[in-house]
Amino acid sequence: MAEITSLREAVEELVHDGDSVALEGFTHLIPFAAGHEIARQGRRHLTLVRLTPDVILDQLIGVGCADALVFSWGGNPGVGSLHRFRDAVENAWPLALRIEEFSHGVMANRFVAGASGLPFTVMRGDAGNDLVRRTSSLAPVICPFTGERLTAVAALRPDVAVVHAQQADRRGNVMLWGITGVQKEAVLAARRSIVTVEEIVDTLAPRPNAVVLPTWAVSAVAVVPGGTHPSYALGYSVRDNHFYRSWDAVSRDRVRFRAWMERHVLGVAGWDEYRRSLELGVVA
Amino acid sequence: MAEITSLREAVEELVHDGDSVALEGFTHLIPFAAGHEIARQGRRHLTLVRLTPDVILDQLIGVGCADALVFSWGGNPGVGSLHRFRDAVENAWPLALRIEEFSHGVMANRFVAGASGLPFTVMRGDAGNDLVRRTSSLAPVICPFTGERLTAVAALRPDVAVVHAQQADRRGNVMLWGITGVQKEAVLAARRSIVTVEEIVDTLAPRPNAVVLPTWAVSAVAVVPGGTHPSYALGYSVRDNHFYRSWDAVSRDRVRFRAWMERHVLGVAGWDEYRRSLELGVVA
Amino acid sequence: MERLWTPEEMMTVAAARHLPDRCICFVGIGRPGVAANLARATHAPGIVLVYESGAIGAKPWRLPLSIGDGELAETADLVVSVPEMFNYWLQGGWIDIGFLGAAQIDRRGRINTTVIGDYTRPSVRLPGSGGAPEIARSSRRVLVVASHSPRVFVDRLDFITSGAEGVSAVITDLGVLDRDRASGELVLTALHPGVSVDEVRAATGWPLRVADEVRVSAPPAPGELEALRTLVARREVAA
Amino acid sequence: MERLWTPEEMMTVAAARHLPDRCICFVGIGRPGVAANLARATHAPGIVLVYESGAIGAKPWRLPLSIGDGELAETADLVVSVPEMFNYWLQGGWIDIGFLGAAQIDRRGRINTTVIGDYTRPSVRLPGSGGAPEIARSSRRVLVVASHSPRVFVDRLDFITSGAEGVSAVITDLGVLDRDRASGELVLTALHPGVSVDEVRAATGWPLRVADEVRVSAPPAPGELEALRTLVARREVAA
């Protein structure tokens, strides 16, 4: 049964230094509030896992939470580079960052294997690709029926999965809808999970394209309305494209980035204060 | 693009003697009308594929459409045996029936591999099981990362998949909901597909737990209201449990079975006449 | 003393008692459905019933005839596809108790639901495995409910439908067999009221081992019986 | 003669023209989204746009900034999970045209979107592969849209992000390269109006082969330009 608790307590209890932590949400429903709380609590030596690192991992990498990153596309969607990610990879600032990178399909299937209780699963591979030389999580496998050479992808089983959903009920059952990405697989593959939600409702009314995570498959649920900003929660908020664009300038400069993080993330008490600090108009 | 056509034309065009034909629908949405049409058109030497053969394959086997059956559970759910299936296996009546059988999980994953464009996929296997000795579609495979021994299951790619859905729109996009079984995988794994639907609507309104098959993934759509009887279509009909119970006596006896099939299936013009013939009260 | 319950009812009640409240129970086809829903109606209102048709957390008002009845989907916490059910929820390791029936069972707790007689020329062709091999393999505990007779409790299975780790316990109309960890053998550990060890031995196709201490099952409580009969009556009425 | 359109606009229009009506088009991140939506707004109203975020048959009114914008899901025929997208729809073989951008491309039509410089000490760390390797591998045809410069059209890739079968055609701001089946090499087959072969050669990092007959692209029609500018303006307004 999921414990319904505060985000602070959930992160204190479930995210430890040295953990591998998957924060998922494919553009939609990115768990920014939980990411900020991890940064605020000063977690270190994390292996961060996410198909599209996005601004959320740029922030965590930039403040030095992570030793390693497992990912497939590290850009600011529609804008350009993730400067903190680049600075870590290109210049080891603030820390050297080990990276293990894959294509989206491989990352998705690594979660699928983890969620399926398997050590690996199978895909069609790409022989002429340099990615395969940079990882020990891909290996050739021969089809015992046809003799074809395919690619085995190793299961991903993060210590913790962190996702954001629109709703939970009072028992801790969780529902998310819209673009649902790989959140179900990430939560089922992980040993522990934290779900932030827009609101708690009496009943989860069935909805189109919804993913339901039963309460017994989730460790903790915390209510954080708007907790995806600058990402969005379908039915609750819209993507703050202006924020994504302005992040380019904020993150390009180390000093400006540090100051921004201090003012809006590290030096605030929690998510409400973050939102208020932004209303004072300091992003760009 | 799916052609919207009559069931008769769809079966004439898409189901050929000797084909492998998957008729799917897990208790819910079983495509009985399409099965009857296949029987009525006198198809022969089919390899029938279905997790739970149910009464529909009992009927097709009993009239001699099939040379082979690929399945995982051949009973009359909640009632007992499928007598025509048993008679074929035990006594080769009306024809010898080659069987290839698996567990549900294996059958589901064989469709998954087919839908995924893979020659096989991987499951945890069961070493002490006699099923594995009766098929060439299961084989051991070693995890290249952990050395664990797992089971490779060969892809299923039927010539034709036949399913029933609640709705299609005028372009031939299809939507089904409720218990959705392995229909999506069966249609995507098959070379051709026929979908019978309860009705054609202007717009497919999004619904909870719906599977949408885009028109370009379907070969033909035919409108057959109530075409799942004695199975059911959530939102349109309820399961005719009385029929399932009475099938036990009808099917137990070869002569009575033949007479029943002549009167209600082979000797009628189509589905409407089948339904009317049943209203005259002759099932039990 | 005249009994106010049948051996079949005793079996179902005893089976239901094996399901703790709030456990995640994968409900196999047939008898397990009755016992699992009886547990939910009595001591285990928080039990999570999982059906291979895709319904997770189903709360049927009446006993479904098939495991794919509409009521299972309509009352479930979530409904998933069959591949997802078997891959993520079952093989993924979320199931506490797998609950099965069996046509034959041997002393090691292996199950046959495939054929009686030779595979290629069976005297009786049974339905086959369904989800049983995966349920048996991936659940933390596996329970079987089956009528006690030498036809069912056989010395040698005609076919191993589900082998490997085998079942944890078998609840019958005569008593309860638990699988001994050391020997891997099913051992008689409980008798239902009025049943003797000799009766059970006579109904078992191998030389049955008996535990040092054999419990006697509590007879069905009035509440249990009433709940069971209500469930069964609802099924009859609805059909 | 003064041109009323930019080379970037010509590139987008030429790319859009490569997409037949009713084709199933997997839309990569960046420039492909503009061209694919332009095709839908002009000659290909029946094109099926597939986005890796899970939207199949998306019909956005404005250009999405990211490939996961809400409008894509809200206007789609269906929305699927990312694993389903990559396994069933892409690897399953339903995609007619995979439409990609590239940071570097070589004469064999292989793509780099991973690093400039050495992998372990890159001078520029690029975003990485995303879905490109799977899109390139599993689509029947692969188109790339990219600005023509020696930085992009390189003799040797710094990293092969997506190799194997390579792309079918590259549409640039100078012209069109088609991959020759026999040699597997990209060959100049069309020039945009006003562009010379020498210009293209100068902008290409390897000795570019030129087809025996080189077409000249039709300039953007007024309807094409208007549709493109409307799409771009909508994005700016909405942002």
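Per-chain residue numbering starts at 1, and chain names A, B, C and D are given in the order in which the chains are listed.
One rule holds for everything that comes next: a contact is a pair of C-beta atoms (placed from the backbone, for glycine too) under 8 Å apart; a residue touches a chain by one contact, two chains touch by 3 or more.
Worth saying up front: this structure is predicted, and the values here are computed from it rather than measured.
Shared contact partners of chain A and chain C, listed by label: B. With each centre defined as the average position of its C-alpha atoms, the distance from chain C to chain D rounds to 58 Å. Separating the CA-averaged centres of chain A and chain B is a span of 40 Å. Averaged Cα coordinates give chain B a centre that lies 28 Å from the centre of chain C. Along chain C, residues 87, 91, 138 each make contact with two or more other chains. Under the contact definition stated at the top, the residues of chain B that touch 2 or more other chains are 112, 117-118, 123-124, 184-185, 209. Working note: touching chain pairs come out as A-B, A-C, A-D, B-C, B-D.
Here chain B touches chain A in the complex through residues 117-124, 136-137, 139-141, 143-146, 148, 150, 152, 154, 206-210, going by the rule given at the top.
Of all residues in chain C, those touching chain B in their complex are 29-30, 52-55, 64-70, 72-74, 79, 81-83, 85-87, 90-91, 110, 114, 119, 121-134, 136-138, 159-164, 238-239.
Residue ranges of chain A in contact with chain D, taken from their complex: 26-28, 51-52, 71-75, 77-79, 81-82, 85-86, 89-90, 101-105, 108-109, 111-112, 123-124, 126-131, 134, 178-182, 184-185, 209, 211, 232, 234, 238-239, 241-242, 244-245. Chain C meets chain A in the complex at residues 22, 24, 48, 56-57, 77-78, 87-88, 91-94, 138. Residue ranges on chain A touching chain C, taken from their complex, read 1, 112, 115-118, 173, 184-185, 188, 212, 214, 216-217.
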